[in-house]
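Some structures to go through are shown next.
Each of the two complexes below includes chain A, the first together with chain B, the second together with chain C.
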Partner chain A sequence: MSRTIDELRADLTARCARIDRTIKIMEVCGTHTVSIFRSGLRSMLPENLRLISGPGCPVCVTAQRHIDAAIELATHENLILATYGDMMRVPGKLGSLEGLRAGGADIRVVNSTQTAVDLAKSNPTRPVVFLAVGFETTTPATAAAVIAAEREGVENFSVLMCHKLVVPAMLALLQAGDVPLDGFLCPGHVSVIIGAAAYKPVVEQHKKACVVAGFEATQMMQGLTHLVAQVDEGRADLENVYKAVVNDAGNTVAQELMDKVFVPADTPWRALGTIPMSGLELAPAYSRFDAVGRFGLTFGEDEDNPACRCGEVIQGKTEPADCSLFDNGCTPLTPIGPCMVSTEGTCAAWYKYHRVRPSTTGVTA
Partner chain B sequence: MSEATGNTANCVLLAHGGGGERTAQLLREHILPPVDNEKLRHLPDGAVLPWGSSDLVFTTDSYVVTPIEFPGGDIGNLAVAGTVNDLAVMGAEPVAISLGLILEEGLPFDVLDRVMASIAGTAKTAGVQVVTGDTKVIERRRGRTDGSAPPDGLFINTAGIGRLIPEAKLGITSIEVGDAVVVNGTLAEHGLAIMSVRSGLEFESPLRSDVAPLNGLIRTILQSGIQVRFMRDATRGGVAGVLSDIAETRGLSVDIEEASVPVSPTARHAAEMLGLDPLAMANEGKVVCVVAAGDAPRLLEIMRGHPLGRHAACIGSMTAAEPPLVELITRAGGRRIVQRPYGEDVPRIC
Partner chain C sequence: MCLAVPGKIIERSEFQGTVDMQGNRLDINLMLTPEAAVGEWVLVHAGHAITTIEEAEALKTWEYIKEAFGDDILDTPGSDVADGSRT
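Coming up: the complex of A and B.
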C-alpha cells in the first residue's frame, strides 16, 4: 500500500525533528523546482529541511556564447532558426532571439524536432538550424531529427549542439566540493532515458544519497521522505521511488540512438565553466549536420553581468533573494540572468510563487 | 537583414500581446498616456455612456488567432462571443455589433465563408445583429508562402453596444471580505485547444475551445435578484489575471482552493504535458463572479441550470490578508501565490 501525502509528511517531519541540523537536498531538475513551488510543497516542509535548486534547467545552464552563436545565425540572410520557446528571451551579449524576431529575423518556435526537419523540407532553398538544448529528455529527439535528415536527404538542416548531460554536472558540483549536500532528488523524466543506475557514481564516489522521484506532490514528498530517512539512518544509497516509470537500465533504444549520433564532449555551462565530457557533439558520421562547422561559427567568452549570481544559484550556493538584482532590475519581464528567463528557472519560480509573502512558503532563506 | 540586434527595449514584441504583465506595461507606457481620460483610466471591458434616461455600454476587441479554425470554434465565433461577453460582464444587454474584416490576399473563399457562417450563427445565438462593418485586403505577408503554416490571413475587429440592465450594480469596489468567487465551468479549454493544435499534440478525448456568448446566462443571473458584486470574463491571462486585477484594484486577497477549481481530465492532462497552469490559460466562455457568500449557493444553482454553467463551482473567497495577493491552497495541502502571467504562454521544453 502506498502512503498518502499526509502520512509521508508526518514521517518526514518526525525524522527531521530527530536530526539536529539543517538537511540540504538538491533537486537537480528544473521541472522538480517548478513542481515543488506549484504544489505548495515548500510550505509543508519542516524548517530544517532545505531544498536547493540545482543546475537542471536547460535554459539556465546554456552558456551565453551559445546564445550569441544562435543570435549570429539568426541574422544570416535567408536562414530559419528553429527553437524551443523557452530560449526566445534568454539574454545574450547583443540581446535576445525575441528581440531579433521583432526586428525581422525568421525565428520559429517549435515544440518538436520533427517540426524543424519539416521546416527544412518545405523550405529547400533556405538553411534551417535547430537550436538543440536540453538534457537527456530532449536529446534523443535531436538524434532522431539528425537521422531523419540524413535518411531523407534534408541537407539544408543542421543543429547547433548545446545539449548537456545530467550526471557529469552532478559530479562536477561535488568535485568542486563547496556545496554541503546530503543528497539529490533525481529527475524522473531524465531517468526514464538514462536509467536509475546512472546515478551510481554519485552514491559510490561521493557517498551522497540519490532518490529518483516523479513530479506529483505525493511522489516528490515520497522522494524527500526517503532521502531524509537515509540521512536519519546514516546511509547514502541509490533508491528509485518512481519504479512504475523508471527502471535501472533506462530506455536503451533512446540510448543507442544517442550513442549513434553523438559523442561526449567538453562543454561550457553558464557560470559553471567548461565541464569535461558533460555535453555532446555530433559523431563524425553526422558532423556535416553541425551548424558550427557549416556556418564557420566561433565562440567568444561569456560576459555575464558581474552582479548576476545565477551561477551560484544553480550550484546551490545562493538563494535567488540573496542576489542584489533579484526583483531589483531582474524580473521575468526584464531578465538579466538566465534563471529568471525560463519558467523552470529557480529565480523565475521564486519570483512567481514565493516573492511577496515569504511566510506562505515556509522557507527560511 | 539590417540593424540585426536582439535589443528588446525599443520595439513591440509578440509577448506584448499576451495579455499579461507585458501587455499592461505596453498600455501604461505607450498607449494610454496620449489618450488618457476618466473613462479609460480603469480599463474596464467597456465604457458606460449616459444616453438619455438610460446608460449605454460601448466596447471593442480585435481577433488575430492562429489558427483561424480550431477545435470548438473559429475566429468568427470568437469575434462575436468576445464582444458580446465584454458587454454582458459590464451588466449590459448587447444590442448591436460592428464587423471590421482585414483579409490577406490568398485567403481561400471557403475559409472566409465558414467564418462568416460562424459569425452569423453566434450572433443569432446571442441575439445581436451585425449592423455595420468594413472590409480591407492586405498584401500577402512574408514567410507564409512555403506551405508550412495554414493561411493565417484573416483578422477581425468587432465593436459592440449594449443597454445597461437596470438590476446590475456591478463594481470592483463593492467586493467585501468573505465574498465568494464563482466560475461557470471548467477552465483553460480555449487556451489549451489552441496550444495543442499549434504544438501538434493530440489527446485521447479532443480538447475543444469553450467559446460561447454568455449574455443569456448573465441575464438570467442578474435578473434573479442575486446581488452580483463584480463579473469579468476570464479571457487572456485566465482566472489568474482576473483575480490578480481584483486583488490589486480592491486591495483584498483571494484564497483559491485548487481542489474546487473545475478542470476537465483532458485539460488537466494537456496542461501537465505542456507545463502550463490552467489558472493562467485563456477561456472564451467563462465568467468569474464575485458575490456575497450567502448568495453563492443560489448563484451556483442558477448557473448549473443553464447549459453554459453545468460545471459551475465556487473556487474561493476574498480575505483581508496583507499584502493583497491571490493564493492557491493546493491539493497537496500547501499554499502558493498565483500571479498574472507575464506574456506569451510557451510550453516548457522538458
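Coming up: the complex of A and C.
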C-alpha cells in the first residue's frame, strides 16, 4: 500500500529534523517547479529542506543567439517560421517573435511538428522553418518531422536546432561545483524517453542522489522523501518512484529515431555558456534540413541585460526575489529575462505564487 | 513544457491516430509507440504519443492536471496543456 502524503510528510519531517544542516535538492524540470508551487508543497516542507529550481525550462535556457537567429529567419521574404507557443514572447536583441508577427512576419504557432511539416506541404513555394526547442520529451517529435519530410520529399522544410539534453546539463552544474547539492528530483516525462538509467553518471561520478518522480503532489512528496532518506542514511542512489510511467531503458523507439537523425553537439545555454555534447545537430544524412546551413545563419554573442540574473537563477545560485529587476520592470506581462516569460520559468512561478507583496499596514508579509 | 497528457486511442493506422482527451478528439502521431492499440491510453506530448500507460495512471494524471491547471484548460481552444503546444 502506497503511503499517503501526510505519512510521507511525517517521514520527511522526522528525517530532516535529524539532519543538522540545510539539505539542497534541485528539481531539474520546469514542470516540477510549477507543480511544486501550484500544489502548495513548498509550504509543507521543513525549514532545512531547500528546493532549488534547475535549468529545466526549455524557454529559459534557449540562448539569446538562437532567439536572434529565429527572429532573423522570420524576417526573410516569403518564409514561414513555425514555433511552439511559449517561444513567442522571449526577448531577443531585436525584440520578440510576437512583436515581429504583429509587424507582419509569418510566424505560426504549432502544437505538433507534424503541423509544421504539413504547413510546408501546403506551401510548396515557401520555406518553412521549425524552431526546434525543448528537452528529450520534445526532441523525438522533431526527429519524426525530419524523417517525414525526407520520406515525403518536403524539401522546403527545415529546422533550427536548439534542443538540449538534460543529463549533460546536470553534470555540468556539478562539475562547476559552485552550487552544493545533495541530490536531484529528476524529471518525469523526460525520463519516459531517456529512461531512469540515464541518470547513472550523476550518481556514479558525483555521488548525488537521483529520484525520478511524477508531477502529482503525492508523487513529488514521495520523491523528496526518498531523496532526504538517502541523505539521512548517507547514500547516493538512483531511485525511480514513477514506475507506472517510467522504466529503466526509456522509449527505445524514440532513442533509435533520435540516434538516426541527430548527433550530439556542443550547444550554448543561456547564461551557462557552451556545454560540451549537451545539444544535438542533424546527422550528415539529414543535414540538408538544417536551417543554419540552408540560410547561411551566423550566431553572434549573447548580450543579456546586465541587471538580469536569470543565469544565476537557473543555476540555483540566486532566487528570483534577489534580482533587482524582479517585479521592478520585469513581470510576466513585461518580461526582461526568459525565466519570467515561460509559465514554468522560475521567476514567473515565483511572481505568481511566492511574491512578497507589501501589506496595507506597511509590514511585508 | 515537459508535461505529457493522457489520451485514449480511438483510431490508429500505421503512424497516425486519434485520441480522446476528456471528450476532445486530437489527431496525433503514433510513430514512437508502435505497440499502442485502440482502447489503450498513451501520454501525448507535442502531438506524439511517447508511451502507453495504464488507465488508472491516466485517470490520476488527468485529476492532477485539472487540479493544477483548472477545468477550464480543457475548454480553451489551443490550450497548451490539452494540445501540447508548449515545449
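Just so we're on the same page, the second predicted complex is superposed on the first by the 355 of 365 C-alpha atoms of A that agree within 3 Å, B and C clash if a C-alpha of one lies under 4 Å from a C-alpha of the other, contacts with A are read in each partner's own complex, and residues count from 1 in each chain.
Quick note on the criterion: contacts are C-beta pairs under 8 Å (C-beta built on N, C-alpha and C of every residue); 3 or more make two chains touch, one makes a residue touch a chain.
Fair warning: this is a prediction, and the values are worked out from it, not measured in the lab.
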Chain B versus chain C as contact partner of A:113, first or second or both or neither: second
First, second, both or neither for A:221, with chain B first and chain C second: first
Chain B versus chain C as contact partner of A:102, first or second or both or neither: first
First (chain B), second (chain C), both or neither touched by A:22: neither
First (chain B), second (chain C), both or neither touched by A:133: both
Which of chain B and chain C A:75 touches, first, second, both or neither: first
Contacts of A:257 with chain B and chain C, given as first, second, both or neither: second
More chain A residues in contact - chain B or chain C: B
Touched partner set for A:343, first chain B, second chain C, both or neither: both
Contacts of A:175 with chain B and chain C, given as first, second, both or neither: neither
Those residues of chain A which chain B touches in one complex and chain C touches in the other: 30-31, 34, 38-39, 58-59, 84-87, 109, 111-112, 115, 133-135, 137-138, 189, 217, 342-344
Chain B contact footprint on chain A (complex, rising order): 5-6, 9, 30-31, 34, 37-44, 58-59, 71, 74-75, 77, 84-89, 91-92, 94-106, 109, 111-112, 115, 118-119, 122-123, 133-135, 137-138, 189, 217-218, 221, 332-333, 342-344, 352-357, 360-361
Residues on chain C engaged by chain A in the complex (per definition of touch): 1-4, 28-29, 31-34, 43, 45-48, 50-51, 53-54, 56-57, 60-61, 63-64, 68-69, 78, 80, 83-87
Residues of chain A that touch chain C when the two form their complex: 29-31, 34-35, 38-39, 56, 58-59, 84-87, 109-115, 133-135, 137-138, 140-141, 144, 147, 187-190, 192-193, 214-217, 244-245, 251, 253-254, 257, 342-344
Residues of chain B touching chain A in the complex: 1, 3-8, 11-15, 21-22, 25, 143, 146-148, 198-201, 275, 277, 321, 323, 325, 327-337, 339, 342-344, 346-350
